[in-house]
Amino acid sequence: MKIVVQSEVFDLGAEVEAMRRGRTDIGAIASFVGLARDHNAGSGVQAMTLEHYPGMTEKALAALVEEAKSRWTLLDVTLIHRVGRLLPGDPIVLVAVAGQHRGEAFAACEFIMDYLKTRAPFWKKEETPEGERWVDARASDDAAAARWNLP
Amino acid sequence: MKIVVQSEVFDLGAEVEAMRRGRTDIGAIASFVGLARDHNAGSGVQAMTLEHYPGMTEKALAALVEEAKSRWTLLDVTLIHRVGRLLPGDPIVLVAVAGQHRGEAFAACEFIMDYLKTRAPFWKKEETPEGERWVDARASDDAAAARWNLP
Amino acid sequence: MKLRVLYFARLRERFGVAEEALDFSGATAADLVAQLRSRGDVWAEELAAGKAFRVAVNQSLVALDATLPEHAEVAIFPPVTGG
Amino acid sequence: MKLRVLYFARLRERFGVAEEALDFSGATAADLVAQLRSRGDVWAEELAAGKAFRVAVNQSLVALDATLPEHAEVAIFPPVTGG
């Protein structure tokens, strides 16, 4: 398991390669990369800044990976979330899940993203032509998390 | 869209990088890598050979990507499937799907894999300590494909 | 009518042939399967009712009641196991 | 009892404070929110009933009826928007 909060960019290829190197028991690696977009909620976005709650962030991310491991048989998980100022096109978050079979790898990867969106203490502030604004939580993220019957 | 059948290894990081390079409209890239395992159905597997039906393979892969595009709003899809002899740990198939939001990227990526498992003309032959054997189709793959109400 | 018939994977190995040109006087994929089955031996065995095999016509999967067009490329193969 | 209270994101900006030490005589997170709300102005506005905010105690999300332990680290912040 690898869980990191960092300002530096990450490398999807290197992370997935590190998961599978030297192993022959992995049948499936599902991964996800979330990226900063140039528009949101009808406005152009020139940049965004990700704030987090140091200490709680790491606890929350570890808890959601543990929850995923309790629900599915997983061989490895890597979760990297960036903080600080990001530009459109920059990668924000990476989740990679290795399993024996694809069904559990896909499910756990999507579960971790849905859980992260509603439980991990990150906040986005966008720079738009109309000024700075904090991004509001989306009802669709609550709905996505609710699918998993989270406690 | 990029759809390739090849014997050479592929590079997940490079493929995803090529999808997102120079773009700022992508919010989510879901990807999947299927790998050759060292055991299957209770036997050790020393190697496998993937046979396909040249001509039909490319048509079938293009059709399943088109079907995914008709079901979800996708910004890009890359699908690479290897053929020939592979060893345990070797990557077999790569699917990467770029979208504005994660829900559609995850769904389309998993749909393409499920569809591929039952519709694309590839066959696996395994080398085991007991000799060579053709891999039987799995009922669980039919069940996975049936979830999507395929025609 | 003339058909080109291809076999893949386990069926190719068991039949000992990857491809053949056939004269065909039937109408459907099921008629072709019946014609091949009448060769007996491994043909009768592998194409018996209840055996799992797939038929593609001109590189698209079809049901057994599909009509075969003149000069069709017909492929018969086991259920697929890619990915 | 003594508490350490942290604010994040929009609430940190609106309150103009990231962290403070508080004397607290109530029992639950709701009591703390009521104490802060009684400061008026932006405190009353942002912590009004019906406003969406979250409370974490010792770095775990809690419901408003959670009891606060001595020396707790309490954080109040808007709904999260990471990923």
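First chain written, first letter: the chains are A, B, C and D, and each begins at residue 1.
Heads up, the rule we're going with is that a residue touches a chain if its C-beta (ideal position, glycine included) is under 8 Å from a C-beta of that chain, and two chains touch if they have at least 3 such contacts.
Here the structure is a predicted model, which is why all the values come from computation and not from measurement.
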{"item": "Identity of the chain that, by mean CA position, is farthest from chain A", "value": "C"}
{"item": "Chain A and chain C: spacing of chain centres that average the CA atoms, whole Å", "value": "48"}
{"item": "Centre-to-centre distance between chain C and chain B (centres being mean Cα positions), rounded to whole Å", "value": "26"}
{"item": "Approximate Å spacing (C-alpha centroids) for the pair chain C, chain D", "value": "71"}
{"item": "Per-residue multi-chain contacts in chain B, two or more chains", "value": "34, 102, 113"}
{"item": "Multi-chain contact sites of chain C, meaning residues that touch two or more partners", "value": "83"}
{"item": "Inter-chain touch pairs (all)", "value": "A-B, A-D, B-C"}
{"item": "Footprint of chain D on chain A - complex, ascending", "value": "34, 50-53, 55-56, 59-60, 81, 92-93, 113, 116-125, 134-138"}
{"item": "Chain A partner contacts - residues on chain D that touch it in the complex", "value": "6, 8-10, 52, 56, 59-61, 75, 77-83"}
{"item": "Touching residues (chain side chain B, partner chain A) in the complex", "value": "11-14, 16-17, 20, 22-39, 88-89, 91, 100, 102-103, 105-106, 109-110, 113, 140, 144"}
